[in-house]
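Next come two complexes built around chain A: one with chain B, the other with chain C.
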Partner chain A sequence: MTAAVARRSDLRFRIGLNLRSIVGRAYPRVIGANREPSWIFFEAVLPLLSIAAYVFIYRTIALNQVAANPVDAPRILANMNALVASVVLGGAMVAFWLNVLWSMASQLYWEKEIGNLQLYMMAPMNRMALLGGMAVGGMFMTSVRAVSTLVAGVVVFGVVFQVANPLMLLAVFFVTLVALYGLGMFFASLYLLWGREAWNLSALMEEPIFFSSGFYFPLGGLYQSGGWGSAVAVLGSIIPAGLGLDALRQLTLGETAFGGKFWVLSAPVELEILVVLAVGFLILARYALAYLETLAKREGKLTSRHQ
Partner chain B sequence: MPYAVETRDLTRVFAGKKKHWWRKPKPNEEESRGPVTALDGVSLQIHEGELFGLLGPNGAGKTTLIKILATLLLPTSGMAFVAGNDVTKDPFPIRQRINMVSGGETSGYGLLTTRENIWMFSQFYGVPSKVSKARIDELMHAFGLWDKRDAKVRLISSGQRQKMNMIRGFVTEPDILFLDEPTLGLDVNAARTIREYVMNWVRGQSGKTVLLTTHYMAEADEMCDRIAIIDKGKILACDTPENLKRMIHTQTTFRLEVDPLQDTSTFQRMDGVVNFSLRDDASKNRTELTFILENEAPVAEILSAITAQGAKVHALRKTEPTLEDVFISMVGRGFE
Partner chain C sequence: MSTYWRTFKTAAWLGWQMDSNWTEPWLFVIYSIVKPVAGAFILIFMYVVIWSINGIPDPHSFAFLYIGNAFFIFVGSTLLGTFQVIQSDREWYQTIRYVYISPISYYVYILGRAFSKIVVSVFAVLITLAFGVFLLGSYGVQMQLSLDRLPLFFVSLALGLFVLLAIGITLGAATFLMARHSQTLAEAVPGVFYVFCGVLFPLTILPSWGQAIGEAIPLTYWFEITRRILLPFQLNTGLAGFDDLEILAFLLVSTVIFFGLSIGVFKLGEYLARRAGKIDMTTSY
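Up next is the complex of A and B:
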């Protein structure tokens, strides 16, 4: 190709290429959040209903306990606030989990259906930049929903948070997101090969994960229940949201909430495990995607038959 | 100097559908389960700066070949090189140099504007935003899409969408552009805009190569420097459009418009008939017959065979050979 323009392939070019790719792929998600005002209803208002259901149940139980034992009211009401705050935090994390399932894991399958995937795979960018862009865009989009859930929790349900260590809180939140989206990137490459069957898997991973990862109650309670409950909680902890939520609850409610009895592990230990999960999932995603891309190219599954 | 594109004995077989013990096969599904040979020993050389056409009916293997060259599909056997790089072993330098646009493509995001969509794809090639935006504006003027620059993609017509796809293909300034049926389903004006831009792009600068697949004969004839005729995964002929048509210059082409016929099997057995094809025109309730003849002698016999069936001959024309006639003379059927 003598007459053609010489193409760069040095490290600096590659870094620039992949950073641009991340920004490019994140763009539709960032812009999408602003261009579709209907998301406020579907993404912010509707999820409040399920949160409200748990809040009302916990309040009813607490008020019955207070009626039966008025002397112990301050402790019961403090626990109730902690439970309601746990539900609000879980509701915010649900947004991220659903985004990981439906907008990360199944995204490549959907991209294939509309014809984008072949254009992505034909481009010189690193595939991790593609997934990274999806993750960054998804995190941004979902953070808006998560923040609105938190604000609604404080305003509507009167939740009180006590943040003693904001840096630690930020670190746990950030690492939890990286681990969650790392898991999503890993799933994305698996879904590339499984196609439609993967949708059922996503559906399967909604409600059971809400339960086993303790989205609407402190996971430690399930952990300490013994027998199958402990087993489910241990399995649920593999999903980073489980340990992440536990650490976030400790850092926003105080370690002494629930009498300090319902925590799985201490927040620093949970952060360490989350770091390991984050790195592990990212490495797994990198190799799974490379392997499954080759497999998909061999089996002709990168493009739909009609394209 | 390496070729822009070279394939050596390239074969691609798609495995058949897997059988599952829990699912009962549908009627006729058994026959469609087997492996499909989409490409069968294809060897091609495309020179740098060439506008090369791949002409064949639907299912001939055109898209499969492009997807292998675009590093989206692995060959079952054989080798393929793009810009001197092996598509299986060294895809990165290939991906930097190529782009692909397919007809009827629905890529991009409906929520973004046409400009944003093109910009997004340019980022995956590392084109700096400033450069990308300037190129997009220039190309939008060239393709007559300027007034739709800020329109959301979900709100534009399919012709405008295809122009946007074409701009996406050019904005990264590829050395080799794969165009897979780029004018499929477009109106005359949109198709002409695209054809003219592609021809000017290749001929107006050195080092740019286009591989165009199409089943529109006139398009291939008008645009391409050389054409390969492909059918059932095999290359039947490869030459300039003039030379391909010259292959049957000693033969005579006749087109007839007749009432629908009951029996056409006798035509092939007639002396002097090289090949023929028929195409039903349901709107007129007529059949168009194309005969490739060694000479004009069998015409009388053909006419009497038609009238013997009680059918009327509405038109009879002797025509200059077209690329479709070349195809008919080789495989005994038209493209549709």
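Up next is the complex of A and C:
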């Protein structure tokens, strides 16, 4: 065994190499973002307006309902606050989902287009470390938007969150993120094989997922609609954001919000499912990446651009 | 003029090919319809949830937002169509240098590329409207379009689409100078119009400064007149003091202003990008 081979098979060296790869891949996202200040405006400020639109829909209808039945005003306004808070939480989650779609899933496809992928493939680190670095950098970039959405929710829209179990809340949030980015890694491997379908698939997974995962309304409403609505909700729950949002809403609005009738499952059960999804997606991503890399090489698509 | 027309036609054909030839036609049709219909379903379930929780229907508000959302499909697709041209040519296909130095108007080229998206979105709007009228009647979605109102409808539609293109190019000029965030821009900028143009709710729900912003944006008048033509009832949108022709005149004047603005801003963005050497830059982080 040569010294170089022995060094490469040394566990400490491999762990260090992959950790450096994670930092190295996260670095340009964090630093690149800082070098492009316009990004803050476009990522953090403008998206708030779409969220505001959904907030105003609930406000408009709730105020009309109060006008129709003034006696019931306190209950209607309390429900309105809960729905507005749901939109704000959903808006924060939208930031992560868009990041998963555009900066995780389609990233390897993008790297292929601009000619970086072959360099990554030649580098000695594990591909999962590369994706992990993209995820860490992406989470940082996206947190700015998510935090600004939450702050705007509280300051501008007067949303009141009641957090009774902060540890559980943090656990749900981080497990949801891990599951989401695990799904992103899995998609990234699929996109290695695809050409322009990748871009279009990402575009297709915006509004349909916002709908089926209940980003702007309680997912339980879709579950309870019966028939195709329930089927769509079950499919939407495969995306970790669906159950993650449902649990986050329970933990920040209280289980009695919306009369307690629009929750899918209890928060602890949803956390358990999210853990299973997170582990499952990461394992799936690991094997899919290895398999699809081989397949892409075999079919000559690994570095073929503009298809 | 013939050069402009030839550029427009060729760019529109190129845009159509780039949008659609990645898959089978039937899959492209489904793809083009699923996104806007899913967007409509978000609003439907928002309404269903608040109705169900509070037990009080509000069909007029729902019809108002449904029609507004259907026509907003034009806004999203036209803006995306204009925003993404510069960045996709520059960063993705890396062909901007060849197109840019060719003896055509790059402005007209962008118009042509965006036009193909408008054509596709016509079908999405029609399907969304038909879905609402035929399947959501019990929720309050109703529509009327008498023959004598047809000319007004088509004139306002043409002006609305033209002003959208002008706004898109005005803002798209900024992408000459930006890193590859046009996707975010295309997602974020429609949010401005979503909130301030009375698309989903009457302007009167906004604070007075928000209403003032809305009244300065031409799209507000386009949505107002479109709903006046199509809905059998009117909500108080704060523009009740103006008749249809006055609203149309506002739309016409603002269209002309934005067209001039789009040319000026486009030339400025182009000049600054050339001076900074950014015309064919790539940003890969």
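One rule holds for everything that comes next: the second predicted complex is superposed on the first by the 295 of 307 C-alpha atoms of A that agree within 3 Å, B and C clash if a C-alpha of one lies under 4 Å from a C-alpha of the other, contacts with A are read in each partner's own complex, and residues count from 1 in each chain.
Basically, contacts are C-beta pairs under 8 Å (C-beta built on N, C-alpha and C of every residue); 3 or more make two chains touch, one makes a residue touch a chain.
Since this is a predicted model, take the numbers as computed values, not measurements.
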Touching partner for A:197 - first (chain B), second (chain C), both, neither: second
Contacts of A:216 with chain B and chain C, given as first, second, both or neither: second
Which of chain B and chain C A:32 touches, first, second, both or neither: both
A:297 touches, of chain B and chain C: first, second, both or neither? first
First (chain B), second (chain C), both or neither touched by A:116: both
Which partner, chain B or chain C, touches more chain A residues: C
Partner chain in contact with A:102 - chain B first, chain C second, else both or neither: second
Contacts on chain A seen with chain B and repeated with chain C across the two complexes: 28, 31-32, 36, 114, 116
Residue ranges of chain C in contact with chain A within the complex: 22-23, 31, 34-36, 38-39, 41-43, 45-54, 56, 58, 61-62, 65, 91-93, 178-179, 181, 183-185, 187-192, 194-195, 199-202, 205-206, 282-285
Contact footprint of chain A on chain B as seen in their complex: 1-2, 4, 14-15, 48-49, 63, 67, 70-74, 83-84, 92-93, 95-100, 102, 105-109, 111-112, 116, 119-129, 168, 173, 175, 206-208
Chain C-facing residues of chain A, complex: 28-29, 31-33, 36, 38-39, 42-43, 46-54, 56-65, 68-69, 72, 75-76, 79-80, 83, 98, 102, 110-111, 113-114, 116, 195-197, 200, 203-204, 206-208, 210-212, 214-218, 221-222, 225, 258-259, 262, 306
Touching residues (chain side chain A, partner chain B) in the complex: 1-5, 7, 9, 13, 16-17, 20-21, 23-25, 27-28, 31-32, 35-36, 114-116, 118-125, 130, 294, 297-300, 302-303, 307
